[in-house]
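The same subunit A turns up in both complexes below, where it pairs with subunit B and then with subunit C.
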Partner chain A sequence: MSASKKASKSVMKTLPKKFMWTGTRAIAEAVKLADVDVIAAYPIRPYTGVMNSLAKMLADGEFTAEIIGADSEHSQFEIAKHASAVGARTFVGSSGVGLAYASEPIIVTALGQLPVVAMAGCRSLDDPGNFGMEWNDVLGFRDHGWLMAWAKDAQEALDMTLVAYKVSENQKVLLPSFVAVDGAAITHISVAVEPPTKDGVARFLPPYKPIHPLDPIYGPVTKAQHIAPSLIGPELRRVIDQAMKNASGVIEEAWETYADIIGREYPAFLEQDHTGDAEIVLVTMGAYAKDAMYAAAKLREQGIKVGVVRIRYFRPFPKKELSKAVAKAKAVGVLDFSYSFGSADDSSVLFNEVRSALYDSVSKPLLMDFMFVGGREPAIEHFERSVKLLKKSIEKGKTEKLVWWPTLRGEDA
Partner chain B sequence: MENVIPENDQLDWVIIHGRGVLNTGHAGTFARTLATAGVLSGRESYYYMRYDDSPERDNIPMIFYTVIGNPKINITLHEEVEPLGEIFSAIVVMEPTIMVSQTSQRALLFDGAKKDAVLVVNTSLSTEEVTGLVKKRCLAQEWHGKLVTLRARKYDANIAFPLLAALTKAWDRVALEDMLDALDSLGYSNKTDMFRRVYSDVEPIEVHINAQEATMARTRKAEQCIAPVKKITDMKVYRTYQEAAAKASSYAERMKMMPSWQQLPAGLIEFGPLPNKKNVGFTTSFARFLRPTINKKKCSDCKMCSLNCPDGAIDYNRVEVDLNYCKGCGICARTCPSKAIEMMSELLAAEGLSEEEVTTIEDALVEYGY
Partner chain C sequence: MTEPLIAKTVRDVPSIDLYTSGHRTCAGCGAALGYRLLLKAAGLNTVILGPTGCMYVANGHQFLSSPYSVPWYHTQLGAGGAAGVGTAAAFRILMMKGKRQKEDVNVIVYGGDGGTGDMGLSGLSMAMGYDYKRFLYVLYDNESYANTGIQASSMTPWGASTTFTPAGRVKKVGNARMKKNVALIIAAHPGVRYVATATLHPPLDFFNKAKKALEANGPSFIHLLVPCPKGWFTDPKYTLDLSRKALETGLWVSWEYENGEFELSYVPKPRKHVKEYLRMQKRFQHLTEDKIEEIERATAKEWGYWKEMNERKKIILPWAAPP
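And now, the complex of A and B:
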């Protein structure tokens, strides 16, 4: 028996069907269960673990797929794009500067409405050697028609990858999906994961049937053709716009179906923790939501009414849901692992998005931005302090300082 | 920033030290099996390697963690946990020269450890020798815990299992039954007998090192370590930061030596060392566990070692090894026509301790992990 088979034997004793897997391994299992046809690979940490696991699974004969090692991330995303155009179910992924280098095919994949699913292991954009976790690599593509889902842990990353195929391949959508997982915090930590059954996934996710594959058997078509902007430019954009609008309903439906068939339930857009009576709400995405919820639980014991909202989809952005979730809050703090230099109030990407979404809200809560950038990990203490700063703002009735860098040495620490 | 996880009493956090590639697979097996035992005992558990270390690089000091948590609290996911206070309740050393190697990021073996931490070392050294080393090198500031030493390879080519058995014996936080169940469920049932044998063979001893013994060395270090405050404008100022960081005895201390943002020059600049000065802020010796020693009687001064050294760590004019930069690759020993260079265990070269427990690359490839 090979080493990997030994390692993947389940922890049978008290927790049947659970495995100790890293986030990257969990995503690889999802790719296997989704019976993907073409995998394009090029290593970059923290994405690499997915490609290693998939290569091993294929070598061990666990499933069959074409795995193509590319010469760069640019070629890698090109391969996925073209394979998808031909009609294959494809999987690809990268991190940090790898995504930046592949930006041309990434953008064209969305405009060509090719339902590629890409894992994005969030990593700082390169100060060389910075392996820290930041969202800017993925958020760089927020405007280009990709769906963006943010997982909380390895289990959710697995489930989210399966749902990503379901949503992306829906003919009302046909947009590619990023499944974003926080580097290190999800990708490299092994936790107990329970994969769905093969039969369940087969029922949930039937094989991909493209309407117009780039294959002469189905009639000749041209994809990503040269266009004359004056003749068709805005119309093409509007098609993507509509697909993105359609995605919201499809996402909700897909998670409901997933719960019905697989038996694991998730709220579609927002995970809400004690937001019902919360005066203060922390809004964040990804793995550190877990830490934020822990900090909030501790503060609630001290009598501070604080809740947490974890945004699961950055695109489409759940404006309605978010407004509703913070309707009773007096202050909202965004725990943000991104930056947007020179943006309004010199704040960050998620914060700008949240503020823009809440502009029309009736309650108009006070807003504060807490930026955890540069890859230094926040501690529970930082989240607790953020809540206390929000509380102070409520007491004063206004926000004196909008943007905080809690992990920065000196100043805000 | 002290004790930011006040509930860490409720966590059983184990740190596993080893060397990249040489121990990566075994350390992975160790961490996974221990985490599985945690899950089987009904507690939320996880394991991970220290991501920044890049353990795919040969021989660099690398770390795995296993965290077994109390299900009542939510475990947090911290990468760099050493500065957070007293966290580790057990320390495992898979490769004994780790105890004397200077790393740029952490120098103390007990950095981040509880005062009653269990120490398990894979070594041919006796418990007295290891205790002596901990005292002399000031690896622990204060320690009242158990120590086990064993030669793991005598029991199994995959050193993870004998070391796990030794940990199980010395550490009261994990039950033998759960460990055996974990072996079963991961497909290592054939290791059970060996596991029981190690468990009955090893004899943990109690060690007491009080704070006073370590105070002298500690104070000396603290005096040397003063954070610079000047804005970095040239290499002279930059060098003061490098020197301060090089003296730091723990990761937390090193963090304090780093410049604030106001002191940084524009544009990701690192100033190089002054002419004829070494780059003290970036020594690269931490991958070395074998040290080249030159026998001057045999040396014909042909300069082959100096010319072939990939790190420029051997001076041309006076053939001498700069131990701050030597990675211990052994190319000098292999290219020396007079066979005047011998690769000697770091423990022997630095401390005169004869260490025979050396993991070979063949052992390492028993199972590639992570």
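And now, the complex of A and C:
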């Protein structure tokens, strides 16, 4: 070996180790690092890769866990729920109609205050069978007490999974978490990922200690029995409400601790890109935020003051942070991969959430909704055009057309 | 493996009850009696999962009392199998990793005919494919969706009048579907270590079968027929008599299947006419004598197969033309 090769090799050794991993593989690594006890699997694209990876890791003895191939997503989420009730750390996941099929256990997992962590590989709902990316599969559960984190890439998906356990298992929260990753764009694209060390994760995430495990050692707990609604119905709902309220602070703390121990920093709720002086702000979540930032950078070169806000948690929804981030903006455009047929202005889920969050804001920016639905992938031009439409609204002082379907053939194209 | 402790007389049954007061089941409820016997057999080191059904709705109470002296968790109507697997998997891995002390913990699902034979069949089938020890699924079969108001399930017998299959002027028979035999379906799972059927009579029979099931070193299944005064329109005092008559008329067949061998637990000698059982119940009162005779003929034909199975110690599918 030549001296220079030797030198470069010793330099490489000092650098943190990176791997080319897809989003599903990166999340599998997080599950391994978290020393998860019970994994429940059922195949559906595009999330399945995570279970393929985990099954191989377990087959090769990289870590120890029970992995169960279920007969359906319904059983899959029930398995995770009940394993969690005993006190096991659990992992589960699904996509599209798989999540819809599991809706009953998904809902009761939150009401049972069980810190299950689920990966959601976002996918269009049937019909027709569609591998395209939409958020409606996960957002169908927005009202049911799950924390919902949206990653932008494989690295963040790994980090978010570890933080999801930390937040969900916090005794002030005890709610399950979805780590949502956009189908294909994250699940199937390999990028350089730097996993944290095993020691670091062990310090960040100690083993799960349940308060009232379903285990005879701890005595006879009767859990989720049939109740008289008049007796404690509203009180039970308030428990979840309070847990969700507590989650905001716990999430913030968890990301600070993560930065301290693991050394990678993230803003807890919003990633902001050039929002400081922006007249126009694009608000979105997930992988396409990167494309939006690229489009915004190009437009800033042309003198358009445009920034991007990437929402990292849909639940709890960061109302305060969002209002602050767009306080100086004259127009806000939501780049949305969801729909809500028949909703106010026939718009979409994220848009309605953003509009509701900004209703109390003093600045009251103009709002527009850009719906990238049906799974057809948007291009940079679509985002650029969205900015130009927002600019036109500012010039006119009003929004003449609120909702746009930029990728639809025809009127909005 | 230690030999299961089989009770020879009632004196061998623990006097302590782990299914106690605090429920509001109907007077004469067969499923509640089954629960009591089951928990006597299982003991304190047990977790019970209760899918939605009578034993969820009637065992919960307006005043938040609980009849269970062991940990109990509700699971969704179709989720009994999955709940059992998730629970058993958690115990096994936590013990393996040293996160919990090692000992035998029974994981038992007590699910009704609707939740098990209809909605939960797929999950039950999945659960019977895994190798969790001390995992027992008990199907308590009161032959209808009883707590929602007696709607027919796939395990309601032919000829029963239910709110979804009422006997009327045109549809005279009531339920026109034949009762599904879930225990035979479960016996078709190669991983299952013990399959049995039972009813509340004789009382030691179910107690001992539950004991054997828990010691079977793998997943096990018991199909328990439980008379239901509300759904069968019978006097509460006849619950145990109905269990006995079901056996004596051959309309309920009590058997065990273990290590590939089939054995009848009870052979009626001679078998009594089915009307002795059917005429006790108002759900069959609309059936004419002809129809009762058709049921008698079908039962006689089926029993030919049951006896053949008993002789050959092998399962064959019993069949008789629908009435």
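The rule we apply is simple: the second predicted complex is superposed on the first by the 396 of 413 C-alpha atoms of A that agree within 3 Å, B and C clash if a C-alpha of one lies under 4 Å from a C-alpha of the other, contacts with A are read in each partner's own complex, and residues count from 1 in each chain.
Going forward, a contact is a pair of C-beta atoms (placed from the backbone, for glycine too) under 8 Å apart; a residue touches a chain by one contact, two chains touch by 3 or more.
The structure presented is a predicted model; accordingly, all values stated were derived computationally and were not measured.
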{"item": "Partner chain(s) touched by A:Q302 [first = subunit B, second = subunit C, both, neither]", "value": "neither"}
{"item": "Which of subunit B and subunit C A:A185 touches, first, second, both or neither", "value": "first"}
{"item": "Subunit B versus subunit C as contact partner of A:L408, first or second or both or neither", "value": "first"}
{"item": "Contacts of A:E377 with subunit B and subunit C, given as first, second, both or neither", "value": "first"}
{"item": "First, second, both or neither for A:T64, with subunit B first and subunit C second", "value": "second"}
{"item": "First, second, both or neither for A:K290, with subunit B first and subunit C second", "value": "first"}
{"item": "Overlapping contact positions on subunit A, where the subunit C interface meets the subunit B interface", "value": "none"}
{"item": "In the complex with subunit A, residue positions of subunit B that touch it", "value": "1, 4-5, 25, 31-32, 35-36, 39-40, 42, 44-49, 51-52, 73-74, 76-80, 84, 181-182, 184-188, 255, 258, 260-262, 268, 367-369"}
{"item": "Complex contacts: residues of subunit A adjacent to subunit B", "value": "1, 3, 5-7, 9-15, 18, 20, 22, 45-46, 127-128, 131, 183-185, 188-192, 287-288, 290-291, 293-294, 297, 377, 379-381, 408-411"}
{"item": "List of subunit A residues in touch with subunit C within their complex", "value": "37-38, 40, 64-66, 68, 70-72, 74-76, 78-88, 104-105, 108, 207, 214-228, 231-232"}
{"item": "Footprint of subunit A on subunit C - complex, ascending", "value": "44-47, 49, 56-57, 59-64, 66, 68-76, 78-79, 81-87, 89-94, 96-97, 99-101, 105, 122-123, 125-126, 130"}
